[in-house]
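Read the structure below first, then the notes.
When the chains are written out, they are named A, B, C, D and E in that same order, and each has its own residue count from 1.
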Amino acid sequence: MRTSKLWRITLLLAVLALIAGACTDSGGVPAECESDAFGCVEVGAGDPIEVGTLLVITGPNAFLGQDSQNGVVLAADYLDGTFDQVNGEIDGHVISFNHQDDGCSADGGQSGAQSLVSDTAIVAVIGTSCSSAALGVADKILSDRGIALISPSNTGPALTEPSQHQPFYLRTAHNDKLQGAAVANFAYNELGARTAATIHDGSPYADGLQQVFADRFVELGGEITVQDAIQVGDTDFTSVLTTVAANPPDVLYYPIFVAEGGLITQQARQTAGLENTTLIGSDGMLTQGFLDAAGEASIGMYLSGPDLSAFSGDAAFYAGAFKTAYAAQFGGEPGAAFHAHSYDAANMLFKAIEKVGIVDGDALYIPRTALKDALFETQGLVGITGTLNCNADGDCQSTATIGVYQVETPDSLPAAPVYSEVATLE
Amino acid sequence: MRAALSRDNVRAGLIGGVTVLYLALVGMIERFQDRDVITDVIGLGTLLILIGLAGTGYMASRPPKPRPGRKPVTANPALIGLVAGTTAGVLAGAVILILELLISAGVDVRSVLASVTPGMLSTMEFGLGPVGGALILVGLGAALGAGAGALRLLSDQLRDTVTFTLTAVLLMSLMEPILSAVLDGLSLPDRWLYEGGGLTVLGAVLTVVAAGAGRWFWKEREPQRKEAVALLPADRRTLYRKLAVFAAVAFLVVLPWLVGSFISDVLGTVGLYVLLGLGLNIVVGYAGLLDLGYVAFFAVGAYATGVLTSPASYLVREEGQLFAEKGLTNFWVALPFVVLIAVIIGILIGAPVLRLRGDYLAIVTLGFGEIIRTLVLSDWLAPYLGGAQGLLNVPPPPPEALDLRAPQNVYYLILVFCGIAAFVAWRLSDSRIGRAWAAMREDESVAEAMGVSIIRYKLLAFAMGAGVGSLGGVFFAAKIGSIFPNSFGLLVSINVLSVIILGGLGSIPGVIVGSAVLVGLPELLREFAEFRLLIYGAILVAIMILRPEGLVPNKRRQRELHARDAEAELSVIVTDEATS
Amino acid sequence: MTAPATSSRRLRFERLPLRRIILISLSIAIVYGVVAGSAATLRMGTFTAADWRSLVINGIARGSVYALIAIGYTLVYGILFMINFAHGEVFMSGAYTAFFVAVAFGRSGYLNAHPLVSIGAILIVSMVTSTLVAVILERVAYRPLRGAPRLVPLITAIGASFFLQYTFRGLYGAQARAYPTINVLQGTWTIFGVEILRTQVIVVVAAILLWIALFTFVAKTRTGRSMRAVGEDREIAALMGINVDRTIVATFAIGGALAGAAGILYVFLFNQVIFTMGFFPGIKAFTAAVLGGIGSVTGAAMGGLLLGVLEAVGPNLFLTGVGVPSPNQLQPVVAFGILVLVLIFLPGGFLGAPEEKRA
Amino acid sequence: MTEQQAPILDLASVSAAYGPVRALEEVSLEVRTGEIVCLLGSNAAGKSTTLRTILGMTRAHAGEIVFDGERIERLSTQEIVSRGLTMVPENRRLFGKMTVRENLAIGANLRKDKAAIQADVDRVFGLFPRLKERISQKAGTLSGGEQQMLAIGRALTASPKVLLMDEPSMGLAPILVEQVFDTIKEINAQGVTILLVEQNAHVALSIADRGYVLQTGRIVLADTAKALLEHPNLSDAYLGELE
Amino acid sequence: MSHLLDLEGVSKRFGGVQAVDQVDFHADQGEIVGVIGPNGAGKTTLFNVVTGFYGPDSGKIRFDGNNLVGLKPNQITKVGIARTFQAVRLFGAMTVLENAMVGQHPRTRAGVFGALFHTSSTRSEEERVQAKAGAALDFFGDRLSPRLNSLASELAYADRRRLEIARAMATEPKLLLLDEPAAGMNPAEKDGLIELIGRLRDEKGYSIVLIEHDMPVISGVSDRVVALDYGKKIAEGTYEEVAANQQVIEAYLGKSATQGQT
């Protein structure tokens, strides 16, 4: 009896000792880590460098996030200079991903961000897709933990307003201030439109964009006839179109998403009074999916988005190797306009990791604050969407080339824009 | 053999084959294959195929129920399994082969069936190419079907142990996100157990040994254990029960520190749904009023909190001075006002629709839910409620030192209020009010004839439900800090209703279990992204069919079910012997 | 023993008829809003008579589709007293599956060479698919629950709704797709001097024909009579020699076939399919069924039309004049506001008996 | 028994239960062509259950039921009805939203021969001229007496060989009770064999040939109607005051 | 002296059917009134009008100094009228005791606060409710009291009838309306019922109005009988007077009634 008890205690102690041994790592952390407010990410020998993504990969907007995620995956693939579906390495550590869903909503962004911060190995996060997932949610949660969040597709102006901006938040997508204004310029100056109507769908993206457009259009001297809105999920938009047609505008701008965008395009073509109205959408609709949804009704309409052809960056690379690799790995053409932004975001991150990473034997230490600083210091980085220059508020596309494309056939996205504008944030 | 070849068994095989093909054609097999069950040994997709084939044999070889007019067919269960499994394998193999032929003939199958990808086909073919794949499906079908059927030949205890062990391996693997978080939280190493998202071979072997041995002995001791429990003196038993409750509470308290911040966050979300469920339970479970627009109160709670406390809101911006003076922007000061607002709105919504019954009430409440969602989204009220741009920067509850936005702390906050709400619900149900509700639920006219004011008690139910539901909104706002209209869609109402019915209508523990299953599980299944709702739907259907009274049924509700059966036989049942 | 003293029995008359006050003020508010808003809008003159006409026609067209789906709800409700929440998905399944047939016809040029045959084939594929889905749904999700409390099948219906949506997403993909153009359906016809889109005319006429066919079927045929009998008293129906299971299956099949037809009419109007397309029309149709009086086939048709017109005309008419921004965004507020108003005064919808008050 | 004729309906040791509650225990009874047999017993003695079990609406878990030379205890209600058995249910249970005409038509749901059906409908109108006046009226709007007539008429259009009747006088005014029993006699005289469940023992026995008394699911007395009326223990057994 | 319950010219119409037509009706303190008439004569409708389930189209209804027109059923119960239903309608999922406790509802007042905090007044009220409900059940001797915790749906038929009466008694009424209490009872049970109704009046002091088709019950308990046909009152008086009325015999009793009761 006694002996058995003794045995048990010994066993218990032994287990405890083992655990303790496993926990207490031998010291030797670089000094930079001690001084960094958020410490270092320690990538052990043979361990991968973990990068999080927080993009919308479920629900009706999944095409958007999936496309961005593909861009990130390709960037990691090409890190070693070849598209071979094997991720490249930095300082001997391969890149690996933790993909999370931002659900295109505040609560989705929150759980996704929480899931990522609970993984202490995450170096930085590429995301979010939707502004509502980031604004005050993911940007805050990640910044509080010293994890950089680089968005390839948040275009909402609020995210980089100085009052709102979170210290670890950056984006490679263009600010809507640029795109909305560029579309207004195009409509007023190129199309000669003097009256315009807008429709949004209640998403922060569409609402913000149409407002920037309207403000700029009025500033140029135009008149906004109607600003109306629809409900996502609805299918019959004839009432709102009749409202617009009651006082037919030169331009109808509806920067919304694929399904409703397709329906509005089709129904606008059948609405009496809108025969001479020019239809314009934005990058939420600059996808093959939208053309599939709108069919032949989309012919002749305009869609704005990043000017992929005018990239001061590696245009040949984009049109050649990149698109080939994209098709090979994911089947078909890119589904949206943001894969290029996410590709650049990932490369921007990899450059920064190379810059601040401290190699210690087989291990790699990445100080978090230094990484963030390195990201914000990015200047003149040539990506496929252009040259990235990050400003203090986190806008890395402080100068962006916005293109307006005209749809010629519903079978494929137009290759070159009919209008292109280099816009710079003030 | 002829008995085994009966139409029933072939039909079972066809159903099994269709199931496997279904899994492949909706893309689950391919998507799940990314997830290792045992790393570098078997992926979840492959496992699904195997489970489908084995399950076919197992289900087909169930001992037959005696059916009126037919003699039970007796056959060797292994043979039955063989027939059914082979049939399933042949069907699956044939269809895969046909798809391959179509593709090689240049037909663009993917333009119709989006999930017929090379990856899916290769998984289905076990990487052996079209013909080899078809053959191996047939072979596996035969072998697994026969094997699963042969399980029927084992003793109950042995069969139970085998199925339990296999399930345990699958669960251990699926629980990787939780368990590795727990191990991390305890600073224990987890490499020996999990690797790359799946179990290690060592982990799998350990699971098999532990689960198998544990189950075997548990089963073996079952009679003695039951006897021992039966022999316990009453006071001992109550003591143990108290200890169990204490342990449960203690467990809930330490839980967030075991599981880390992400799962704490999930637990917080589960807690929110518990709050909402408790509130809706008052309306639907106690008072019997079907409310499909419960999200309205969730929205009211969240928006009222935002409007009162967020520096971005119109009220605070414009009337900030006044607000600050009164201290209203303080979360805790605002809280009672929010609940009061919700109660008033509850009464306002309830009053016009009290005359409506059943489905009419359901659709009108659904309408109110949509009205509120549309209003908070609208450009019309955007200056006050933020519209599409939402209400941002809702401050976390003070004091700042407690950091009541960190997931663990939010969890405690919600836990406390869940406790309060559960207490309120429990006390109400067990009172004169609860009796009046129960009477009203069963027979409104008779309740009225017994002096129960239907209007007053319906309004009371709406008001209480609204108050508790608004708390859900309050903590949602506190937890997220950013309120956007799209968080308040019809799906929330549906979800909460599903939670309480799945848990067991009128049952407080049911709400907790229901939330854990319907809210917690999907959060943990995040990696199966696009299949989450598919699985959610299937779970809803399956659980309701298997347990229509819910997972943790309320006693009185169960009696109602029973009573209804009895009522149907009103004048015929012989009960005197049964009761006297 | 004597009865207690009378004084304790004096009624404390209800202190405040709270409910009545709320009810009356709500009704006044809605009616005032509607009248004042309409008057102001009409005074503003933003919209011409032609605009109003086209709004009403649009409303009738979309209302016809709602009506057809609503009839499916109401049929099932009439017999099983359950809301078949997954009916919208039954509708989606047919239209989405038929899409591939339409595309195949469109590619080969057959579609515009033989439009009637093609449309017939598309319609049949859609109806058959929807019927199959409806029948399987009944077998798997509802039949095991006969006799369970009413909320239980509601939940399985919700579960089945998700399940079907994501099944079709998995099978056919997540993107929205446009149906190929059918030339004969393009353009307008002039009816009574008004130019109306051909598709709208066809949809309305088809809906009326289907409604008449169904009405006759339920009233006159043996199966129709069996359906009504099963709806009234399942046990006695069995006693009369009616095969209850088969009758219920027949009800689901008819509802499914109608939903399949409605799916094609929907596609004529909106030209687009996506796996989520069943959800909102489903909710709308459900609302229409309640508005008309759930259980009544004619009521469902009326409810569908009314809802369609209200949605199309309401926001512009009631809200534009009072200066509400983005009036069309508030469509649900208008539609459901009117629904509440109708049900306050007609608690059983237009044609339904209010669920019987037994006294 | 001295009769040479085989019974048209024969229950041998039939037991049935609702869940755990046993409702019938080894009930044996027989009905011969042309008879009126009545089944008496206190509330909840199992009378209605007996009828339901015969019709397959409640499943017998033991025993045999033979109708017209064929075992029927495993058949579905529909199949049993098609063989010539039907019931006038307790509380009438008409299809209230259907017209009188439709109610009668639905009674003949399993029959194909239109002329024969019409003959039966005419026979019903012969019995109940009131129904003919109200042929297009909804059944739910009929008075209580008319509803009982329609319930009987609906059963007759099925052209049953044996008609089961469950408490046809329940809830009816005295004058109607009288009419109902007259009708039963007349139907019987037209050649329909009747198994009648009644509370109203004396009246029922006065028109019946034979009777059985059920008590807590068992047959405790069986004799000719006349003998039962005079049986000294009848009231004891029937009153069921043995709790 | 004014009547306890007094109806003057009460009418109620449903669609095309005049269910109750200009009926004058009264019941006095301590009186037992029987209401007879053919099926569909408007007897139950009369009850429903008195108890507030339907508002009368015209006419006055007064009870114990209160005007009942316009009151809701629950308010009428509170003034002191309780009823049973033609088809027994118990709360099947509640226990026998709980059913009776619901009857005490109009005599208690505990609200949300009391329910949440179990104030002393609430606790004593709950005790009182239990006691009173128990007392109502005790009235039926050993029929209900031993089964306090059985479900109402598990009771035998006659006991369900009893429980329904007990539940009505628990509302502490002055007037009890019984709708076909003898339906489905056998002769012995009917005898028991006759005795019970007598005791309800004598021991509890209730006034009682009952609808019944069973003439022995009617003749056994009624002080006065009212006969209705097509919504109209066609006869009123003692049982013997009404039973001898030619109109009643033709419309309702039939020839067997004249042959005497067995």
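Keep this in mind: a residue touches a chain if its C-beta (ideal position, glycine included) is under 8 Å from a C-beta of that chain, and two chains touch if they have at least 3 such contacts.
These numbers come from a predicted model, not from an experiment.
**Student:** Which chains does chain B share as contact partners with chain D?
**Tutor:** Joint contacts, listed by label: C, E.
**Student:** Can you name the chain whose C-alpha mean lies closest to the mean of all the C-alpha atoms?
**Tutor:** B
**Student:** For this structure, which two chains have more C-beta pairs in contact than any other pair?
**Tutor:** Greatest count of contact pairs is found between chains B-C.
**Student:** Hey, how far is the Cα centre of chain A from the one of chain D, in Å?
**Tutor:** About 77 Å separates the centre of chain A from that of chain D.
**Student:** List the centre-to-centre spacing of chain D and chain E in whole Å, with centres computed as mean CA coordinates.
**Tutor:** So the centroids are 32 Å from each other.
**Student:** Would you kindly tell me how far, in whole Å, the mean C-alpha position of chain E lies from that of chain A?
**Tutor:** 74
**Student:** Quick check: how many Å separate the C-alpha centres of chain B and chain E?
**Tutor:** 48
**Student:** Multi-chain contacts in chain D: which residues touch at least two other chains?
**Tutor:** Chain D, residues with two or more chain partners: 43-44.
**Student:** Where does chain E touch two or more other chains at once, residue-wise?
**Tutor:** 53, 75, 78, 156-157, 184
**Student:** What parts of chain C, by residue number, touch at least two of the other chains?
**Tutor:** 174, 325-326, 329, 331-332, 357, 359
**Student:** Quick check: in the complex, which residue numbers of chain E touch chain B?
**Tutor:** Touch list, chain E to chain B: 51, 53, 72-75, 77-78, 82-83, 85, 89-94, 98, 101-103, 105-108, 110-112, 114-116, 118, 122, 125-126, 129, 146-147, 150-157, 167, 171, 184.
**Student:** Write out the stretch or stretches of chain C touching chain D in their complex.
**Tutor:** 222, 225-226, 228-229, 232-233, 235-243
**Student:** Show which residues of chain E lie in contact with chain D when the two form their complex.
**Tutor:** Touching chain D from chain E are residues 17, 36-40, 86, 156-158, 180, 183-189, 213, 215, 251-257, 262.
**Student:** Can you list the chain A residues touching chain B in their complex?
**Tutor:** So the residues of chain A in touch with chain B come to 19, 22-23, 57-58, 62, 99-101, 104-107, 110-112, 114-115, 117-120, 132, 135-137, 140, 158, 164, 200, 202-204, 206-208, 227, 229, 231-232, 331.
**Student:** What part of chain A is in contact with chain C in the complex they form?
**Tutor:** 60, 62-63, 202, 227-231, 233-240, 242-243, 245-247, 258-259, 262-263, 266-267, 270-272, 289, 292-297, 410
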